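Shown next, in C-alpha cells, is the structure this report addresses.
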Amino acid sequence: MIEIKNVNFRYAGLDQAGLNNFNLSVADGECVLLCGASGCGKTTVTRLINGLIPHFFKGELSGEVYVNNLEIKQQELYNLAGIVGSVFQNPRSQFFSVDTDGEIVFGPENIGLEKGEILSRKEQVVRELNLKGLLERSLFDLSGGEKQKIACASVAALLPNIIILDEPSSNLDWAAIRDLRVSMQLWKSQGKTIIISEHRLWYLKDVIDRAVYMEKGCIIKQWTKDEFFALTENELKAYELRPVLLEERYIQQFSNDSIPADTGPISRDIQPVLDDSSEVLELSNFYFTYTPPKYLFIKKKITPEDEEICDLRIPSLKIHQGNIVGVIGNNGSGKSTFLRCLCGLEKTCIGTLKVSGKIYRGRQLTKVCYMVMQDVNHQLFTNSVLSEVLLSMEHPDENEAEKILMSLDLDEYKEKHPMALSGGQKQRVAIASAIAAKAQILLFDEPTSGLDYRHMCEVADLLKKLAVDGKTIFVSTHDPELIALCCDRVIRITDGHVTEVI
Amino acid sequence: MNEKKLKARDFITIGIFTAILWVVQMIIMYLGFLSPFVVAGYSVLIPIATGIPMMLYYARIEKFGMLTITSIIVAILLFIFGMGFLGAPICIVSGIIADLIAKSGKYKSWKKTVISCGVFNLWVSASYLPLVFTADSYQQSLLEGGYDAAFVDTLFTLVTPATYPVIILLCFVCGVIGAFIGKAVVRKNFEKAGIV
Amino acid sequence: MEKRKAYNIRFHFDPRTKLILLILFSVVVMIDVTDGPAYVVRAIMTYIPVILVCLEGKPHIGARFTVLFIFATWLTEVAQDNIGGVAGMLILFLCFMITQFAPTMIMVWYCISTTKISEFMAAMNRMHLPQGLTISIAVMMRFFPTLSEEYRAIRDAMRMRGIALGRGRVTKMIEYRLVPLLFSCINIGDELSAAAVTRGLGAPVKRTNVCEIGFHGMDYVVVVVTLALAILYIYLSGANGLV
C-alpha cells in the first residue's frame, strides 16, 4: 500500500522537476505506469517512494508519503531496503560489486541476514530469473541487458513488496526489453506492487494495471489498462506519448530476419530519396576484430581473408549522399563496432571510404566522419557552448559559429556551460561541433535512448534537416518510431554482417 | 548537508575521489619511469595536477574524516608500492592535520581550505624518503649500474636529508598553487554547470 | 578493448594471504640489488606473481613479462658498456625501473584482478577494520575499471575532434581530459550511491559475508615460501653491505 498525500517538492540546487500538490495511492499488487514528457516529475515520484527523497536528494518537502503504513520521512534508507526495491536507468552505474554473484547477494548482506537465508534467496532468484549462465562472471564483461538483469536480481533478493523501476529500458535492446518484461510479469504473479516510470510503452502492454499521465509535477489523467491501450495513435500523440501499437508492430517486423509479405512496406512520412544522380559513398573492406591474433607484443594485421575471426565483416556498402541510414541489430551484434570503425576510432580496421573520389582510411576517417556518442557527456570539453563550437574549427570564426548555433536553436545558450544543458541540448551542441568540423558524414549512436516522444520527433526533424543540407547520416537505434520518422534506408547488422531491411 | 557524520554515500564519494587522485599520481609516477628528472619534480607536478580533483573533492563532502580516510588509503598504497615504513605515517599524519584545519573552517573557509590542501600534499614528500634515507646505497647502486657520475651527483644534491625540508616546503607551496588552479577550474566548469 | 575472461581461479587465495604477499614484496622492492646471490633470490621472487598469473590462465602475460624482463636486463648490460651520455642514462633508468618495480606492479595487478569485492569486504571485516574504510576501498577497487572505460570514451571523443594533443598546449591537454572525466565520475558516483543505499548499504548492523574465506594449504605454502625468500634476500643483501 503506497499513499502519497498533498506532496509538494522542490529540489535544492538542482534544476529538476519538482511536484505540485501530488496525490497518488497504489493498492497492493497493483502495477502502475508513470508516463509523461521528460521533466514532468515522474522520476521524482519514484524517489518519493524509495526514500531517496528526502534522505538522498535534498529539497523542500511538504506532505506525507506512506509505504506499508510507514512514513518515509521517519525511516532510514536501510530500513526501507527490504520493503522497496529500485531498478535504475543506467545499468553501468548501479552495481557495486565486480562479480555477478557478489552483486546478487549485496543487498541481503548489507542488512545482515543470516548466511543460509541469503544463499537460499540467491538460489531462488537465480532460478526464477533464469540467471544460471550469468553466474561467476565479471560485471564489466556483461552487456547492458545482462547487467540490468543482474540489477533486477539484486533487488529481488531483498524480497521487497514494492519494486520501483525508473526508465529501466533506456539502454536496452529489444530482446533485453522482452526479458525485462518477463521479470516484471513474474513479480506481478508474486503479488508485488510495481511502479514503473517509462517512455517506451510497447512492452508494458500485458504488465500494467493503470497508467498515470503527469505534467509539470501534477497528475493530469489516469487510465485503466484497457482504456490506455485502446487509445488511438493520434490520442497518444496528443499526449506526446509514444505510439504503443505501432512500435510493437515495427519491432516484430524488424526483429525477424524475413519481412512477412502481408504487412507490406512500413508506412513512412517521407519517401526515400534514391535519386540515382546523387553521389554515392562507397565503403569497402570494413573488416575488424577486437581480438587479433597476437605474437607476444605484435598484433597481426587482418586481411579480408580473416573474415572468420572478425567482429565486423562488410566487404562493400554503397550509400547515397544525403541519405539517412538506420542501423539496427541487437546489442553486441556489431552496430557500435561498425560506427566506431567508420569514424576512424579503430585504427586497425582496414576499411576504406570513398567520398567524392577521395579515399579515406584509418585515422583519416575522423576528418570526414563525426560520431555523436550515446553518452554525449564524453564529448563536451569546454565551459561554454560557443567555445565548444569554436574548438572544432580549424580557423576559429565567431560569426560562423554563431550561425551554426542559430541553425540548431542554441544561440540563447551560447554562454552557458554545456553540462548545464538538458540531454537533447547537449546532443545539439555535439552536432554543432560536428558541423563546425566540416564533417560530411554524421554518425549517431542511439540518439533517442531515454528521450520522450516529443524530443524523439525533434531529433528526427533535426536529422532530416541535416540530410537536406547534404550530410549523410547513420543512426543506430532501438526506437522503431525514429526509423519510421526519418530513415531512408535501414540496414541490420547481425554478427558483423550487414543485411538490408528496407 | 546537515549531518556531520559520514554516511554510506560519502564513503562512496571518498572511494571515487581517492581512486582519481591515485590514478593521476600514478600517471605522473609512470612519467618518472622515463627520466629521473621527473622524479625530482614529483613535489611540483603531483600537487598541481591533483589540484583540480582535490578542490572538487572539498566541495563535494565537507565533513570531517574525508581526508583522513583518503590519506589512510593512500598510505596503504604507498606502502605496497615500496615507499615504505616512514612514508605511510607521514601520509596519515598530514591527512589528519589537513582534515582538522579544514574542519576548523567548517570546510567553507577558503583560506583554511587552501592551507589544508597544502598540508595534505605533504604526503608527496613521502615518495622521496627511500631516496633520502637510503641515499648512500642508492647512489652507489646507481653508480654501479653505470650511471653518469655527474648526473648522480646532481640528483643527490637535489635530494638529500639536508634539502628534505625544502622538498617538504615545496610540496606545501605547490599544494597551495594547485588549490588555486583547481579552484579556478572548478569555478569555471563545475560551479558554472551547477554541479557544486 | 580487450575483453576480460570469466573468473578462472585455480588457487583461490584468501585476500589476507595476498595482503601478506604484497607487504613482503614491498619490503623487497625497497632494497635494491643489482648483482650477486641476492639478485638471484630477487629474480626468483619476481617469478612468484608471474607464475600465479600464468596459473590464472593468462600465460601470454607471463610470457610478455618474461621477454620484457630479460630484454631490460640485457639492455642494462649493453647500455652500461656501449651507450653513454644522456640517452644511455635514460635507457638505464627505464630498465632499472622495469626490473625494480615490475614485480610489485604485476603482484598488485594479480591481487586486484583476482579478488572479488565481497571477498575483500569479508577479509576486512575479519580484521575488524571500520566499515567506512572498507566501503571506500571497495568502491575504489570497483572504480578503476570504470575510470578506464570513461577515459577511453573521452579519448575517443578527443580523437574525433582532433584535440587529443590539446592543440599543442599541455594545460589544455590535461584540462580536456580531467574535466569531462570528473563530470562523469560525479554522475556515476551519485547513481552508484543511490543504487547502493536503496539496497541497504550503511545499515548499522553487522554485515553478513556469504563468500568463504579462510586460510588453506596453498595459502600457507605460498606465504612460507615468500617469507623464506624475503628473509634470505634481506640477509644476502645485508651481507653484500648494501643496507
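Labels A, B and C are assigned to the chains in the order they are written; within every chain, residues are numbered from 1.
FYI, a contact is a pair of C-beta atoms (placed from the backbone, for glycine too) under 8 Å apart; a residue touches a chain by one contact, two chains touch by 3 or more.
Just so you know, these numbers come straight off a predicted model, no measurement behind them.
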Per Cα centroids, the chain farthest from chain B: A
Between B-C and A-B, the pair joined by more C-beta contacts: B-C
CA centroid of chain A to CA centroid of chain C, Å: 35
Centre-to-centre distance between chain B and chain A (centres being mean Cα positions), rounded to whole Å: 39
Between chain C and chain B, distance of the C-alpha-averaged centres to the nearest whole Å: 20
Per-residue overlap in chain A, given as positions that touch at least 2 other chains: 56, 419
Touching two or more other chains - residue numbers and ranges from chain B: 9, 189, 193, 195
Junction residues of chain C, two or more chains touched: 138-139, 175, 179, 183, 188, 192-193, 196-197, 201-202
Complex contact set, residues of chain B against chain C: 6-9, 11-20, 22-24, 32-36, 49, 52-53, 56, 60, 65, 69, 72-73, 76, 79-82, 84, 130, 134, 137-138, 140-141, 144-148, 151, 185, 189-190, 193, 195
Chain B contact footprint on chain A (complex, rising order): 13-15, 56, 58, 383, 416-420
Chain B residues touching chain A - in the complex, by the definition given at the top: 1, 9, 188-189, 192-195
Sites on chain C touched by chain B in the complex: 22-23, 25-26, 29-30, 32-35, 76, 79-81, 84-85, 88-90, 92-94, 96-98, 101, 104, 108, 132-133, 135-140, 143-144, 147, 174-175, 178-179, 181-183, 185-186, 188-189, 192-193, 196-197, 201-202, 242-243
Residues of chain C that touch chain A when the two form their complex: 1-7, 60, 63-64, 67, 116-118, 138-139, 141-142, 145-146, 149-150, 153-154, 156-163, 175-176, 179-180, 183-184, 187-188, 191-211
